[in-house]
Every structure is written in structure tokens, then in C-alpha cells.
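Some structures are shown below for you to check.
One chain, subunit A, appears in both complexes that follow, with subunit B as partner in the first and subunit C in the second.
And now, the complex of A and B:
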């Protein structure tokens, strides 16, 4: 589903934070990428999510080389990948209600009406009540907001989900709940998962195989 | 998740409590809404040399409690109860003390804080080195020529890399800002230290180091209140654990008994431990209740598989657990 081939990435022409890294996530496979904080694994997650252009190397999605990153990424490619970050407060638009936040990717692609039912069902599956869906990010807890961010990432039925430290700020029960939602989604859609994190026990429990960053082995 | 045997565990240290919290409640008044019951009737003591971990999910009231103790609540908050700090100069009620007293004699002096979003608490125009050096100088009167080494030693204790000391707070990642705040709090040496999520965003090695330093800080005779959602960190650092749910303490137990044998006694606490990936990795069904619409009875009832009619009345915290059907300490 996803192949990173000798990817080197960084910022501002400085030292690369990801150097010459290759890894592959097979169709329907769950791969954990384990590394300490600040080691560049988030940068790698952003490259894989087509949000950051690597300096060198190739990213392939479903066998096809990716041609553009960020706003240059073709929509068809972008919608193939769902992504959830560590800090929902940085990722979520504070002006939107949780309900709008979840539905926004559908609206942005002109499929709001078509996907309204799916958005409602996802919210329900993920444990968000109608009352919570009417609130804005500052009116809910981190755990509730992260639930909304995960529902949003799953809305367009991505074939690949990237979770960058998705549960690092969450308690044990919310962590297990979100992992279960991802599990269920993968079973239903045969989707692949790249879970980036620092907790070996969690990644082992959650993924088919766990690789160590930065070697990618 | 095993503990090094050298750490003192059995009985909480004796002596006069450093911090004595009695029936502390915090309500937030919302414009046009019902008051939010963020913290309700929380009582505990903390003695010098002891570490109490407050655990629970986000929004359970544990961070609000910490803010209340430091006088850092927003203007729409109302408190009730008492929180006496006694560091030898006579007890002071943190809830009623005025801002000038708190600023002059409490924050940073009698009670230190490792805040949850540390970058916001560090002065943006100063480097980490100058923050540390200034704190060392102000508190210990360390001569200028020794400040450099003292600042570096303080940084090392919190695993803050020496080659980042000349950076400003905004140039630090979340994890590094966290470690800078920990270094500052440890060096400030207040008798009471409140650490609000001190390990968030740190990887396991750094969690271990931070937790080790915090434990050492307690062993040196400081009182330590650690607020965390990280149960593994709580297990390693704490003498006692207080589990909060919907603003109340539902279980208060010795860490050994709680994490080991006989295990947690409250159904919520048991569910939280069971959700760990090293245990059954099963979530507790449902979500915590809204704090502006709490039921009259046990707030956990809608999620609890042991609930009965009795649970429509509020269970009091008795013998360390607030549940009508708590597991007996012996039969777990």
C-alpha cells in the first residue's frame, strides 16, 4: 500500500532528520514505527501522509509514485491516506464544532450530502454523543477531541491510516478504545496502518510488525 | 512494570502532613449554563518524602485540582473546602490565601510546579541556561563563577541536553520544554512539588529517567503530587495512588496493592488498569459523564458492569474506595 524508497527529509536545508530510509506497508498490514521523541519519525509520518515533500527518495501509494505533496498532492492520492496527529488541539480548527470537523473532508471534496450518514455513524461508533458533536474543541477534553480527529481521518475510507503518536496524550481506556476503532475499521475495509510511536508495548499489541526508527528494520 | 526494590513502599512516611486537602470542591460558573462540577469533595494528606499520584482520564478533574492548589484557577471558578500547606512556618490555606501571598511565598518557594504546557511558563526572552542559573542564584546564593556548572548539573538531572541550554523556550520541542521545566522545578527545591503530566510526549527511556529523578526528589524528603494519565509512570513513582473519576476520588490506595496484589478495588480503577496494552487492552465502554449534568448516584454507573439499584445513591469514600460493590481487599 505504501512504499518509502530511500527517503531523505528535513527542514530549511539543515541536517536531514530522516536519512535514506526505506520501508513498506503492505495491503491491509499494520506496521508500527518505534523511535524516541524528536528523532524524526513525525517527519517521516508527514512524508508518508503526503504533507511534507522529501528532499530525496520516492513515495509510492498502491504502487504509483506520488507526484506532489501538500497542496500539490492530487486529490485522489490525498484521500487515500488518513492521518491523525499527537496533539488534536494543534490539528483541529478551533472554530468548527466536532460534528463539522468530522464532516469537513467530505464537504471539501463536494461529497458532504453523500457522506453525512457515514459521518454520523462514525461519530456514533467512536463514542461521540450528539451533544458533544455540537461543541467546539475548547469545550471538550483531549480524549474527546482526538476521537473526533480519528473519525475525520476515517471519513473518506482511506486505504492507509497514519497515526502519529495518536494516543500519547490519552489515558489507558481512551487509548484502547481508539485502537479498537482502528482495528474495526481495518477489518471492515482491509485498510493498512502505519502507527508511529514511542511505546513498544502498545505498538506490539496493535501492529503486525514493529520497526525501529531510524533503521527501518 | 516492576519496581526497584530499594524504593521505600510499605507505609507512607509518618509525621505532620505537608499538604492537607479537605473536601476540596471546584465549580466553574458558565454564562447561562449549569455550573461545571470539576472537582468534588476531594480529601487527602501528603507527607514529606511521599509521592501521591493522581490518575484518571483527561477531564476527570486532576489538573483542575492542581491549579486550585497553586491559585491558578480562572476567574469563573469557585472553590470550597481547604488545602493547608505547612512547611514549618505555620499552615496556610491555599484556597483562601490572596494572590500576593501566593505569588510571594507559595509558588516556586513552598510549592513548585512542573506545568502541563511548559513552554508557556518559561519566559520567552531568556535561554534555558539563564533560567536555570537565575533560579540557582536566587535560591542558593551560588556565586556567579559556579553558576555555569550548577546550571549544567541541574539540566543533566532532568536529562536536558547541555548543547540545548542556550536555546530559548520557543526553540524547544515539547519534550525538551518538558525537561527544562522539570530541571527548573527540581533545582527550585520547594518542599512540595506538583508535577502535572510530567512525562507526556516523552519516550520510555526518558519517562524512566524523569520518573527516577522525581522519585529521588521525594526520597530526599520533598512531598510530590504527580498528576498523570500514564499508569506505568504512576506505578514507578508513587507510594499511593488516587484515582479520580468525574471530579471525585473513587479509590485511594497504596501503589503496591493497587498495581500488584490484590489490585484495584473500584470497578473504574480496575477497568483503567485492564485497558493497558500489557494487560487486556480492552477499553471501558462509553464515555465519562458531562460535569454539568452529573447523576445523583454513582457517576460511573452507566459504564459499570457491577451496577445495581443501590448505585442510584452516591457511594461515599470509605476505607479507600467509593463503591457500593467494591471488591474486598482480600478477595481480589
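And now, the complex of A and C:
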């Protein structure tokens, strides 16, 4: 599903954050990537989500090399990868209601009306009441907001879900609830998962395979 | 060898700060006072013209240059026109020009700043060099150049101020957009399939709107001053029509012979409402960005 081939990535000038890293996530496979904070996990997740152009190396999605990142990635390719970020407060536009937040990918791809039912069902499955959907991010808890972010990431039925420390800010019961939703989604649609995190026990439970992030950069 | 630092003798005397409660109450009073002045000006320009129509051409040479009195609280000018009534009409022109020009300038600035910040790269550099070019030419000079191309009137003045004052808003908006562009919520939108345009319109513009609105309000006094300056120079509003600038220009001759009222009162009507608007804008800025003390930007 996803292949990173000798990827080196970083931000303007200076040392690369991720150096010469290769990684493959098979069709329907769940891979965990374990590393301490600051080791480049999030940068790698952004490269894998086609949100950050690597300095060198190739990213392949379903065998095809990706040629563009951010806006240059074709919309169809971008929406084949769903991303959930670490901090829902930063990943949610503070001016949108939770309902709009979840439905945005459908509207952005011109399928707002078509997918309205799916968005409502997804919100219900994930434990968001209709009352919560009318609220804005500052009126809900981190856990509720992260639920909305996960629903949003699943709306377009991506073949690969990338979770960048998805549960780092959450309590145990919310963590379990979100894990169950991801599990259910993967079983239903055969989707692959790339989970990035620092909690070995958690990743072991979620993933078929847990890799240690190479720290010798 | 270095001299040892003098031991601290007493608590260092910093600038005096009023206790927080006093400061807050004076600020509230200042805002209320400014708001009252702006409301008074708005009421005057809305209510006076329908109640007291003004014949812009009428003169009464038997009553010229009468000092302030019960019949003419602001006196009369060099051709016997009532200074109070003409001042209110002049204020109306100034406020309309100020508001429309400031909105136009901020609108252009918002558009240019957002485009530059959101597209980035070579386009951004090109646009910012254009902004530098506009900044390098004095506003008033370029404004004069623009009004000179048209017949005198309100619209050329608005165009002149609007087309020269968008650069500061463009800079503010671009800087804001550049910092927003790398936020995770923009990443999330891109990942959700949003186009460049959608990200700009749905996520970036709403986020910078308060800043742009503040820039617009801060611009209103400046625009009023430009209108008065252009009219004073005889390039803005036609000379026979009441505007604060044309009135002061017409009354220049009488000032040297001791008749101060046709100059002073229109002058006060330029200064007082603009300071009141600037005071309100300053209070708004303190709310958006509490750490920066308000200052008058003109």
C-alpha cells in the first residue's frame, strides 16, 4: 500500500530530521512506528501523508511513485490517505463546528450531499451526539475533538490511515474507544494502518508489526 | 578589572504604573468617551442634512465673517455662510469618504495579502516587490496623481485613498497567512482533498478577518485626513461644496485678519472624530492583542 524508499526529509536548511529511511506497509497491514519524542516521527508521518516533500527518496502509493506533495498531489491520491494528528486543538479549524469539520473532506471533493448520510452515521458510530456536532472546538474536550478528527479522516474511506500519536492527549477509555473504531474500520474495509507513537504496549496491541524508529541519524 | 556592580540600594524606580483597577476604569472611560463622540458625529451627519437642507451655492454677503453667536454658534464664513451647518455637511463627506476608502483599501489589501501568502514562492516575491514600490512613493503624491486624472468629486478621492493605502493591510495579512499556512489544520484540510482556493477562502481568510477589520478601522482616520488634505489643496471635493478641507482652504485669508472661527471649527471636526475613531480602534486592538499597548497609527 505504502512504500517509503530511502527517504530523507527535513525543514529549511540544516540537518535532516529523517535520514535515509525505508519502510513498507502492506495492503491491509497495521504497522507501528515507535520512537521517542523529537526523533522525526511526525515528519515521517507527514511525508507518508503526502503533506511534506522529502529531500530525497521515493514515496510509493499502491506501487505508483508519488510525484507531488501538498497541493501538487492529485486530489484522488491525497484522499486515499487519511490522517489523524497528535493535537486535535491544532488540527481542527477553530471556526468550524464539529459537524462541518467531519463533513469537510466530502464538501471539498464535491460530494457533500452524497456523503451527508455517511458523515452522520460515522459521527454516531464514533460517539458524537448531534448536539456535539453543533459545537465548535473550544466548546468540546480534547477527546471529543479527536473523535471528530478521526471521523473526518475516515469519511472518504481511505485505504491507508495514518495516526500520528493519535491518543497521546487522551484518557484510557477514549483511547480504547478510538482504537475500537479504527479496528472496526480496518476489518470492514481492509484498510492499512501506519500508527506512530511512543507507547510500545499500545502499538503492540494495535499493530501486526512494530518497528523501532532508527535514531542513529 | 571590572568595578563590582553597586549593591542594590532600594527597589528600582520604574515608570509609574497606575494600579490595575484604575487603569482598567480609565480605559473603559476612554472607550466610552470615544464611542460617545463617534455616536454624536454619526447622529449629526445622519439627522442634520434631512432637517436643515443646505444650498451649497447660497451666499449672504451682508452677514460675512460674523463671530460665533446664538444664531450662528460657529460664526459665518467669508461669504456669510453658516459654519456649523457647513461643517456638519463637511463631516458627512469626510466620514463617508473615510469609511468607504478604508474598506476599499483593506479589501484590496486582504485580497493581495492572502493571494501572496497562500500562493507563495515566486508570485509572493513579485507581489511583495510591488508592495515595496507602492510604499516607496509618498501616499499623498500618488493620491494627487490619481485624483488629477478625474473631475473633482467624492469618488476620485475614495479611489485615490483606497488605491494607495492597501499596502499596510496586505503586509499584515500576508504575514498572518504565512504563519497560518504551516498549521496542522491546513495540513488536515489539504489531506481532506481541499484545493488551494478552498483552503484560502474557508480557512485562511476567516482567520485573518479580525486583523484585516482592525486595519480597516485604524485606516478610517487616516483616510479622513487624506480627504481633507486633498480638498484643502483644491484637488478633492469641488471648492464650492462643503467639505472640511475646502472650508479650511476658503477661510485661510480670514485667519490672518483675526477671524479664527471659520478655520478652527472645521479643523476641530477633523481632529476630534478621527481621534475618537482611533481610540476605539486602539481598544479593539488591545482586545485582540492584549500585550501590545495601543498607539495611534496615522
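In the analysis below, the second predicted complex is superposed on the first by the 214 of 217 C-alpha atoms of A that agree within 3 Å, B and C clash if a C-alpha of one lies under 4 Å from a C-alpha of the other, contacts with A are read in each partner's own complex, and residues count from 1 in each chain.
The rule we apply is simple: a contact is a pair of C-beta atoms (placed from the backbone, for glycine too) under 8 Å apart; a residue touches a chain by one contact, two chains touch by 3 or more.
Please read all numbers here as calculations on a predicted model, not as lab measurements.
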Fit or clash between subunit C and subunit B when superposed on subunit A: fit
Check whether A:196 is in contact with subunit B, with subunit C, with both or with neither, and answer first, second, both or neither. neither
A:141 in the overlay: touching subunit B, subunit C, both, or neither? Say first, second, both or neither. first
Per the contact definition in the header, classify A:129: touching subunit B only (first), subunit C only (second), both, or neither. first
Touched partner set for A:92, first subunit B, second subunit C, both or neither: second
After the superposition on A, what does A:70 contact: first (subunit B), second (subunit C), both or neither? second
Give me the angle at the C-alpha centre of subunit A between the C-alpha centres of subunit B and subunit C, rounded to the nearest 10 degrees. 80
In whole Å, subunit B and subunit C in the superposition are separated at their closest C-alpha atoms by 11
Touching subunit C in the complex: which residues of subunit A? 46, 49-51, 70-71, 75, 78-79, 81-83, 85, 87, 90-95, 104-105, 108-109, 149, 152-153, 155-156
Seen from subunit A, its contact residues with subunit B in the complex are 35-38, 86, 127, 129, 131-132, 141-144, 165, 168-177, 179-180, 198-202, 204-206
Residue positions on subunit C within touch of subunit A in the complex are 183-185, 187-196, 198, 202-203, 206-207
Quick one: which bits of subunit B touch subunit A in the complex? Just the residue numbers, please. 55-59, 173-176, 200-206, 229, 231, 271-273, 275-278, 281-284, 286-287, 290
